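Multiple structures follow.
Next, two complexes with subunit A in common: one pairs it with subunit B, the other with subunit C.
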Partner chain A sequence: MKQNRIGHWIAIILGSLYFVVPLIGTFEFSLRKLRGVYSFEAYRVVLGDPAFQASFLYSVGLACLTIIIGLLLIVPTAYWVQLRLKRLQPFVEFVTLLPLVVPAIVLVFGYLRLYNSSSWLPLTATARGTDILLTFGYVTLALPYMYRSVETGLKSIDVRTLTEAAESLGAGPATILVRIILPNIRSAILSGAFLTFAIVIGEFTFASLLNRPAFGPYLQLIGANRAYEPAALTIMSFAITWACMGIIQVVSRNRAAMRK
Partner chain B sequence: MAAQAQAASKPVQGGIPWAWVGVTPFLLFAILFLILPTLFLVVGAFQDPDGNLTLANIGDLFTPSILSAYWISIKVSLASGLTGAIFGAFMAYAAIGGGLPNWIKPTLMTFSGVASNFAGVPLAFAFLATLGRQGLVTLFLMNVFGLNIYAQGFNILTFWGLTITYLYFQIPLMVLIFTPAIEGLRKEWREAATILGASNWQYWRHVAGPVLMPSFLGAALLLFANSFGAIATAYALTGSSLNIVTILLYAQIRGDVLHNQNLGYAIALGMIVITGLSNLAYIWLRIRSERWLK
Partner chain C sequence: MSFIDIRNLKKSFGTNTVVHDFSLSIEKGEFVSFLGPSGCGKTTILRMIAGFELASSGSITIGGKDVTYLPPAKRNVGMVFQAYALFPNLTVAENIGFGLKIAGASQSDINTRVSEMLDMIKLPHLKDRYPYQMSGGQQQRVALARAIAVRPQVLLLDEPLSALDAKIRVSLREEIRALQRQLGITTVFVTHDQEEALSISDRIVVMYEGRANQVGAPFEIYNNPKTRFVASFVGTLNIFEAKITDRARGAVSIDGQTVVTSRDLGDLGNGDTATVALRPEAVRLGTPVEGRNSLAGTIGEVAFLGAVIRIEVKLGESVVSLDIFNDPGLHLPKIGDQATVVFKPEDVLVIDPT
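Take a look at the complex of A and B:
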């Protein structure tokens, strides 16, 4: 058994090295902007760059919009399927998994052909229209993750009993959804929301091909033209992803604690 | 669509299927932003620029430059999918298999959640800062061991560089998918095998291996599809110097480099077929593996 354990340690240590060293390397690199000394100069330059601020805020806005639209679309659907259309469940699940089968670049290619300025629905003709298309595209990308989250949340509560109880007390469908179902699956919704945020914030393919000034294309542009700033941006991106996942952990731990 | 037909055949009270109204927004959204765009490309792949039916685009896929783009993509995805699956499985087993401190498993799971989502442009920067010409590891190997990996033929902007970079999100994804399978291995199976006189190797060869194999292969296929459709990391890392199929399609969308819009559709169709097949195989293997892992 002793020998076995050494193997386990080796796997974990080698794995940890592979994952930690690039982070250390990037962090060290990001501090090298000033010759001869370590400094946070690269971070100062990045944070002071108006293009950084604009693109970051733009992507944060997009992420929030994606989360709102995604939830408006997914929560009622998942609730309805769970309550009234059980037999539709495999079909809806299949649709929500499609974005994992059709690569993002293929999807955006289709958008560009279907919604260009000379088509029946010329969304890409205006900046606003393209923003809408981009948001819907992100909702599509987030669909597998968000739907799974919400569905897990709904399965953990007794949707039918809650609905019938609320109905017998005179609540309408909107009241039931907003005041009964939503508070009960709050942590599942938050998990889906933060996962969506992590996906959208640095997304490159959609934003770049739809020509919108998002954070992903900005990262790529800086990477092609600067040396130390990309490393600083990488550390910041990693921190954002880490924060999102950390919040998901805390939220789901609270849920587990509440059930006990 | 099959589900729709099935519902229509059932008797519905009152004439209008009210239950269906509830899912209309979702179906409309899926049709507009998921199914129609994909269908448009699929149909376009079988048309010439004037809209006549043709197989010429599919035939044109078999030209050397396009075939090689597909081939490099497949090779990178196979290499990163298989390597990621093997290392991920080892790490998951090491963390769960016992003998290590309790904090290792939750730490590994949290970190895997982060790293599997840490892809795209920043990941490319991280590996440039680590294994690029001026990267930390490159300089470390040179200064401490006198080993110049670039003189030895290594380059981060190549097939192997891209594969090593992709492993950063492939291994954690494998850990996340494969952990439930390992947790499904029951202690009784090992005990029964040991009582019957099986060695450690025999237990793995005849009991645990066959039980885990469908999950393992399925996960490897998912990893394959995951890297096959990826572009941001490769584009930020290598620019357009590495001719993988997503970068070829990206260039085509940007500037019609193939001088044939419909050939672009055919490339997209080829990608859907490949990711579609690997996902189908994944689902099939998952159904098989769930027979044991309950």
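Take a look at the complex of A and C:
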């Protein structure tokens, strides 16, 4: 028994070292921009770089748009499937998983073929058009995560009975969705939204091949040309992702507490 | 014309027909229960009245208006579900006021009506609670208030008590009945508990495999079951296959002993087999009496059930169960004792064998 427990601890410590040591190393390295002293100079440089600000804001904007469009698309669909089209559930799940199976590079080449400047819908002809294409591409990329979250939320409530109770009180579908369903799956929606945010902020392939000034390509550019700044950016990216995950945790814990 | 008119209602899911040619008229203010075993189609009919399922054929009229194909939101029918169906994100007061808000009532009207409803269900102190902060019984009362708040034409309840424990079940069913009387609201109540149905209904519809087997007042259903199914489902009944020996006199033979019934034997003749039934409480242990039936046998089982004691008497092939009231001075028979059971000719019910 005792032997066993020591084994567990060794496994946990080895696992943690595997993740933590490179992070500590990176963090330590990111502090060494000024010779001989530890400083946050690399962070100051990165945060002061106009290209950083522009690309970060651009990606945050795209992430928000992606979340809004994704939710508008996914919430009613998942609700309807759960309520009336239970038979289609396996099929819908399969479709939502496709973006995980098809590599991003394949997707983006498909988009370029379909929407290039000499196609029937020349989205890539203008910067705005390309932004739209990129956003919809991100909606596709985020689909598996967003759909999964929303679906889990819907499964945790009795969608059918709640809908019928509201219907018998005279409510229409839009009212039911907004007043009853949405508030009850709020934490699921938020976790879907934060996952999407984390995905979009770091995405490289789409943005790079569509040639848009997003945060992912900026990270890559800095990484190729500077020494200390990429380390600082890596640490900042981790911080953002952790913040998202932390918020998901807090939100779902509140929810769980409310249920009890 | 009745308030609710259900005509030749039929419902199939794919090739599976679960409601066959169901017709029923319900008067305004009446309390009707659908009673039947699991899967007999009670919920399905209720859901068609509410509009959650569409009839495959037939029609439903409420208050003179054909609602067969009307969506639920347009029917003004209140529904209480078996599962707790309160909106988890709304407080008790908001739950009760939901329908009024949808209907566009002013906030002051909503507040007035909500406190009226809260007083009615005797829970005014819980108005700001969320559903998860209440017991099952309290939740069902709020669900009832929520359904009634919009003044529906019809109230539908689908086994609203089945998730509650026995004591609350009894007290809440009496409350529901009292409220229903007070408000005069036409109510359809679904249950598979015969005692529940018998105790609160004006009329009971006993259902079997998607059909109404018998419709009548509780007294009628209990005392004059028409079919073998009704007889066995509503209360515990002794059922025998009896050969008719003298139709003119109403004499039949049960395990070789003759019994007389004063009930109508229908179109059966001498030599035919009739299905007859005896209620346990109509039978006594004793000695043969002139003008009564008696059957001789041996005691097979004595079961103490609290207020009553159920005794089984074996008569060759068949068994008669009988109930006697508990009494501390009682002399209980022992298993294997010789015994005679006595009962009146009018207690020998003749029923349809199905």
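As a convention for this text, the second predicted complex is superposed on the first by the 260 of 260 C-alpha atoms of A that agree within 3 Å, B and C clash if a C-alpha of one lies under 4 Å from a C-alpha of the other, contacts with A are read in each partner's own complex, and residues count from 1 in each chain.
Assume a residue touches a chain if its C-beta (ideal position, glycine included) is under 8 Å from a C-beta of that chain, and two chains touch if they have at least 3 such contacts.
Keep in mind the model is a prediction, meaning the values are calculated, not measured.
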item	value
Combined model on subunit A: subunit C and subunit B, fit or clash	fit
Which superposed partner A:L134 touches (first subunit B, second subunit C, both, neither)	neither
Partner chain(s) touched by A:D158 [first = subunit B, second = subunit C, both, neither]	second
Subunit B versus subunit C as contact partner of A:S168, first or second or both or neither	second
Partner chain in contact with A:N184 - subunit B first, subunit C second, else both or neither	second
Contacts of A:A193 with subunit B and subunit C, given as first, second, both or neither	neither
Partner chain(s) touched by A:A42 [first = subunit B, second = subunit C, both, neither]	neither
Partner chain in contact with A:M146 - subunit B first, subunit C second, else both or neither	neither
Of subunit C and subunit B, partner touching more subunit A residues	B
Which superposed partner A:Q249 touches (first subunit B, second subunit C, both, neither)	first
Smallest separation of CA atoms, subunit C relative to subunit B, angstrom	8
Intersection of the subunit A residues that touch subunit B with those that touch subunit C	none
Residue ranges of subunit A in contact with subunit B within the complex	1, 4-5, 7-9, 11-12, 15, 18-19, 21-26, 28-30, 73-74, 76-77, 80-81, 84-85, 87-88, 90-92, 95, 97-114, 136-137, 139-140, 143, 195, 198-199, 202-205, 209, 216, 219-220, 223-224, 230-231, 233-234, 237-238, 241-242, 244-246, 248-249
Residues of subunit A touching subunit C in the complex	157-158, 161-162, 164-172, 175, 180, 183-184, 258-260
Touching residues on subunit B, where the partner in the complex is subunit A	2-3, 6-7, 19-20, 22-23, 25-26, 29-30, 32-38, 40-41, 44, 87, 90-91, 93-95, 97, 99-100, 104, 108, 110-111, 113-115, 117-118, 120-130, 134-137, 167-168, 171-172, 225, 228-229, 231-232, 235-236, 239, 246, 249-250, 253-254, 264-265, 268, 271-272, 275-276, 279
Partner subunit A, residues of subunit C touching it in the complex	50-52, 71-79, 81, 83, 85-89, 98-99, 102-103, 130, 132, 143, 146-147, 150
